[in-house]
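As written, the chains take the letters A, B, C and D, and residue 1 is the first residue of each chain.
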Amino acid sequence: MEFSYSQQSLDLQRELQGFYSEHIIPRWRDWQIAIKRNNNPHPNFVDELRTRAKDRGLWNLALPDLQDDQPGTRLSNLDYAPLAEYMGRYHGSSIVFNCQPPDVPNMIALQHDANPEQRKRWLQPLLEGTTRSAFAMTEYSVASSDATNLRTGITREGDSYIVNGHKWFITGAAHPDCEFFIVVGQTDPNANSARQHSTIVVPTATEGVTVSRELSYLGSYDSTAPVGEVHFDNVRVPAENLLGEEGDGFVSGQVRLGPARVHHCMRAIGNCEMLIELMLNRAKERATFGRTINEYDTVQNNIAMSRIEVEQARLLVQKTAWLLDQQGFRGARREVSMIKVAVAQIYHRIADRALHIFGAMGGSDDTPIATSYAWARAFRIGDGPDEVHLRQIYRMEQQPEGELADSPYILPPISAS
Amino acid sequence: MEFSYSQQSLDLQRELQGFYSEHIIPRWRDWQIAIKRNNNPHPNFVDELRTRAKDRGLWNLALPDLQDDQPGTRLSNLDYAPLAEYMGRYHGSSIVFNCQPPDVPNMIALQHDANPEQRKRWLQPLLEGTTRSAFAMTEYSVASSDATNLRTGITREGDSYIVNGHKWFITGAAHPDCEFFIVVGQTDPNANSARQHSTIVVPTATEGVTVSRELSYLGSYDSTAPVGEVHFDNVRVPAENLLGEEGDGFVSGQVRLGPARVHHCMRAIGNCEMLIELMLNRAKERATFGRTINEYDTVQNNIAMSRIEVEQARLLVQKTAWLLDQQGFRGARREVSMIKVAVAQIYHRIADRALHIFGAMGGSDDTPIATSYAWARAFRIGDGPDEVHLRQIYRMEQQPEGELADSPYILPPISAS
Amino acid sequence: MEFSYSQQSLDLQRELQGFYSEHIIPRWRDWQIAIKRNNNPHPNFVDELRTRAKDRGLWNLALPDLQDDQPGTRLSNLDYAPLAEYMGRYHGSSIVFNCQPPDVPNMIALQHDANPEQRKRWLQPLLEGTTRSAFAMTEYSVASSDATNLRTGITREGDSYIVNGHKWFITGAAHPDCEFFIVVGQTDPNANSARQHSTIVVPTATEGVTVSRELSYLGSYDSTAPVGEVHFDNVRVPAENLLGEEGDGFVSGQVRLGPARVHHCMRAIGNCEMLIELMLNRAKERATFGRTINEYDTVQNNIAMSRIEVEQARLLVQKTAWLLDQQGFRGARREVSMIKVAVAQIYHRIADRALHIFGAMGGSDDTPIATSYAWARAFRIGDGPDEVHLRQIYRMEQQPEGELADSPYILPPISAS
Amino acid sequence: MEFSYSQQSLDLQRELQGFYSEHIIPRWRDWQIAIKRNNNPHPNFVDELRTRAKDRGLWNLALPDLQDDQPGTRLSNLDYAPLAEYMGRYHGSSIVFNCQPPDVPNMIALQHDANPEQRKRWLQPLLEGTTRSAFAMTEYSVASSDATNLRTGITREGDSYIVNGHKWFITGAAHPDCEFFIVVGQTDPNANSARQHSTIVVPTATEGVTVSRELSYLGSYDSTAPVGEVHFDNVRVPAENLLGEEGDGFVSGQVRLGPARVHHCMRAIGNCEMLIELMLNRAKERATFGRTINEYDTVQNNIAMSRIEVEQARLLVQKTAWLLDQQGFRGARREVSMIKVAVAQIYHRIADRALHIFGAMGGSDDTPIATSYAWARAFRIGDGPDEVHLRQIYRMEQQPEGELADSPYILPPISAS
């Protein structure tokens, strides 16, 4: 194991931080006021920032398979880690660098599954940052953490597929610029459970597609990729919109979900750093019963435990990114599940500590904590709940051979004689 | 210890449940849709329900000191417990019975501190349910969990007091019907710390009073008593609005806070029962990996632990109510702090379990869970954070006499000889 | 619900405490030194204490079905609670009052299942305190928390039964005075699972009975009822030793286990009180970094949380004892499981806190903490592990009727139209 | 960051595992029976194993500053990590390779602080493995986690120092071969708090030195380095036995404690691997209610969480070892505290899970779990309790500059106008 950053990554870290210092941080408060108080999640300067970032090559940093003729800078997953983490400090800011979910995982899915024609039509505009997309997997009526439950139908009819289903919690679906969905549905309910599902591109503008509302989670709305409830009622799309072959749906999902989870973890760790900084700042200013609260050991312990948890999780995320670079999703599968559980849990805990230290203010919209808390809690469910990943991790443990009674660790009972 | 319900309470429990079955439950979904989707927290039928409840004596049930000539039914704190619990299952429904915070604690404060003239002017309309009120204590700039920090000024000027301060998280302040504030502020910064503060009634309509916004906590708004940020800028009120004497502020606070916390705990336990019911219902319907999730032992354990926690907490709440009836706030002080900590913690845990079992839906507005979760989490901070009460409980422990080395429990070391 | 102590119980509480003050506490340190340093768990004065207690009627206090012609004082379970709790402060001291396990539950089993002849032969000496006994249930080779797993054979052969099995963790088995075992075993492997097992009395002196060693748990030995590994190899006992009918084994077990668990919980709560007292004492004497450690809020919080947990658990134990008195084991089944889980968990937590506050000394034999810790941890496994009781509690929850989608609590999704 | 193992370390890992397979594992059960049942912690074959290991260069692997003319194989801390971890699977086996505490940290202390004469006299025999030693720091009467509390006196008298003090929990002190103590005591109570203490070598055979007993922790005795209570009563040692200068005591302590903690963490992680293996093994064999317990999700979750915790902790331990190699103790100070807390906590949790899964057997002496549990719990106190390290970690956090109100993360309140 040998996970160190390339010189390119080190340079980009410096450059990215410079970009934040110069262009983003001075506007951060205005951006948040626009989102939280003026119902304007995308103020004009965001497009200026995007143009500027793209011009400087701070663009598409999360795509290890970026081609030479595509815009942006190709980086390995490991090299992207510190950049993603920094972006994560400022929730939603990764859109400036075209590194925002769900578009990045969708680009990865299209890189992997789309044919040249499909790439030109759907991938290229995403790479350019001129459009937006969504991945329509989770459904209203079933526990979608077990993907074999998905019931949306994708039925062949001549040169078309007919899509019928009720999806919700579709990140980005409620964004006005969302141009298409990658829909996961059943093409063959009679195939074996791993081959029943397929993915197909459905343009938002198709008849029968309805985004019936924007959804919140614990009162938080996603400002850059608003979450939607989506109905597909007899939606007809050309058969050529199918990605890969019928039955490839689960494989596609895996390809996309690996990096999606890893990036999510990276940003979450950056967000934890922000929360620690806020706790430190609050604790030195606030006083009760004659002491600033940073003199209380519960406060000190909470901050110190957060530090320990972040340091450990970061190393495992880095190792996972490195494994993903070296061995692809197969080789990193266990680690992806481990960081998914670990990071979601520490993020939840750290956000909870920050919430507590900030008293009532922490739950208000005046700090980023309520949003962090909501997304931290959601992360324990989204991308697969804790339980599903723990089950996977358990199953990947190597089972010991032999009987326990023969283990050198176990002494025999004492017999009667 | 002997805490059993009176026959009156048993009868009222049956009657209240009947009222819910007949009048509230059939409208509950409409009420929630009005609140969450139509921005109308107080649909017309609510006033009808209030009238009907008042007519049937299901009114002012939370006031053990209710006078014979005042509307409603007088009950002890203990007898009120099962009624409050039932109301708590339906978040916000206590307004139907004029049992809603912050008005009930405000009525208690006025019963205790107001002179006859003040009672007539401010208490009577609250008892009738024709107006609303707020208690303005917590401030923007200081840790209000240590009440000696409060800096709002109440300064005598001739026949008036001038109030200056910046309060926030004032429950009910943002309600259009909120007619007056009971403001806690400093009348004498030079007095000893327990006698610096006083309470005074400030009508909302007074010049210099501004409710600058409604506040949410973790994205939840309080539909029946919306929380406000309030500025008092050179607000002049007649000296006769002072409650009690200058310096009585803390004593008043205590009188009001005891029952406020106890009622809050009662309702929270009822809400926990609702959450358990929802978990049971969800767990028997939802399936992953070939089993309904109620066959997973983590799900069973989470529900069973919730049951254990609720049963224990309910008993301690009942005992506390009984002590409050028998001995007043002084005699119940330790128990009030204990239930405040215990109930807030189990409520938070149980809401968290329900949130988890419901997956993404739990965080949406389609179930009551997100609201429960927000108020459960807030309860760990409001009415004094865990830490402040734990400190009090610690200080009320009887210190053992003597040196540890002399304790019969401790064996001496083994000496050299 | 109305659980208050009788005057008799109040009087006995005073008398018992007086007995401790006068006779036990002054010898407590000597007793512990005898156990821990001199390998003499039963110094001479213990028999003197027993005689004195018996003479004063402080004897057999844990037997609600004590007959008038039997020695001791009959009390309800509820009335016994505060006495058991007090005894629990001094681990192992209940033997002074003939209230020690496993003899008390064995007496209860014999009261319930033995015929007059058997009572005379086996119960009477236990009531008199002239002998000791053990209950041989748990087996080496199977998970005994699921009693249907038990494989010890009890096979009829003419006028005898032949017992074959390998039991371990049999409390009291390793005591030199243990005169007989009540053995649980299979009489009919082909009966339905609830009727396969029976109980039979096996005198220790029978050929084929071997206690092969004394067992510890986390390094703790039980001084008053040492735990043994027991082999039954072709042990022949007269058929008249069978308790009740063949197949009654599980019912007998339940009759015995209910009070056993409740008494265990009562003593555990007393032990928690002792641990809190020790923590308070230590915290006021020990200093680090310029403060006594009772000025650290983690220490204060740990003590205060212990107080909250003990108060809640005690109420539920009292309610359970009261239910047991009112309705027998059937009516208290759910509550017995709840206190079993709740008390074992808080006992474990409180012992862990005490261990921590006492530093290295807490793990030594110079304080009672290591013993408390070991038995607290064991209690989470013994008498049925947490998981088994949680499963039972879950199954006793009333399942909500109807579909979740029809619940008034749940709002419908928003449709496409 | 770039922490990968050298080829030498990889080779030694293979060799060490071969040594275990061939020589240790086949004798492991006998060794444990000797310790636990026959009171013979050092059976004859242990010396044979030591000779064999020394001959093959599997000796003194934990000393990065080993000189060329000293026996054994020099390795960096990082390269030692996987070897220490493997040894940790077999509790107490590191003595075979002369890698056992407290001798290794004592050798490190002597390498750093001893003059050539002292090294020849005290260090050389330790390197050869012909003698044993102890480090006498913790005292009976004070909270030794705050080292400034230490009160043992080391007083100059002519050419001698006179040592007076009462130490306990001195690892290795109760071993019959313990030839000398490195004693920490006060030479100048009037110096500033960091310069009051010194270290001095006190041979066990000196008059006035008494090891009054062996101590256990939660019933566990340390078989290879038995823990002692030690009295120093007017013990006179030559002044030349002082290590370094008067007042150097704390610096010496730090030099020694860094690697001591890191090695302890490495072994603990190996022990956790063993516990996971045991859990897996037990879970697939044991059955309740018709399933093997590995089909219960709590069991799966407990194993999977253990895996996640171990993976994260291992990476942080490796990074810490690497930092220690690169920058010495100063540069690794924060990380040493972090792993001390993290590893002790996960070790405690994992041991607790294993204990639970093994039922009563887990607490017996027939498995290594009770010992693991005791040492895991002790590790949360020894080498500095959690709280002391958390406090240090908190203090090493970089405090944010500026006021919270000026942070871009914080929105201003909404003013009245």
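In the analysis below, a contact is a pair of C-beta atoms (placed from the backbone, for glycine too) under 8 Å apart; a residue touches a chain by one contact, two chains touch by 3 or more.
Remember, it's a predicted structure, so these values are computed and weren't measured experimentally.
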Which of C-D and B-D has more C-beta pairs touching across its chains: C-D
Chain at maximum distance from chain C, centres defined as averaged CA atoms: A
Whole-Å separation of chain centres (CA-atom averages), chain C against chain D: 38
Centre-of-Cα separation between chain C and chain B, whole angstrom: 40
Gap in Å, rounded to a whole number, between the CA centres of chain D and chain B: 50
Junction residues of chain B, two or more chains touched: 168, 296-298, 301, 365, 387, 391, 413
Chain B - residues contacting chain A, complex: 138, 142-146, 149, 168-169, 215-220, 286-289, 293, 296, 298, 355-356, 359-360, 362-365, 370, 373-374, 377-378, 380-382, 385, 387-388, 391
Chain C-facing residues of chain A, complex: 140, 166, 168, 210, 212-213, 229, 231, 233, 296-298, 301, 413-417
Residue ranges of chain C in contact with chain B within the complex: 1-4, 25-26, 28-29, 32-33, 36-37, 274, 276-278, 280-282, 284-285, 294, 297, 300-301, 303-305, 307-308, 311-313, 315-316, 319, 335, 338, 341-342, 365-368, 387, 389-391, 393-395, 397, 399-400, 402-404, 407-413
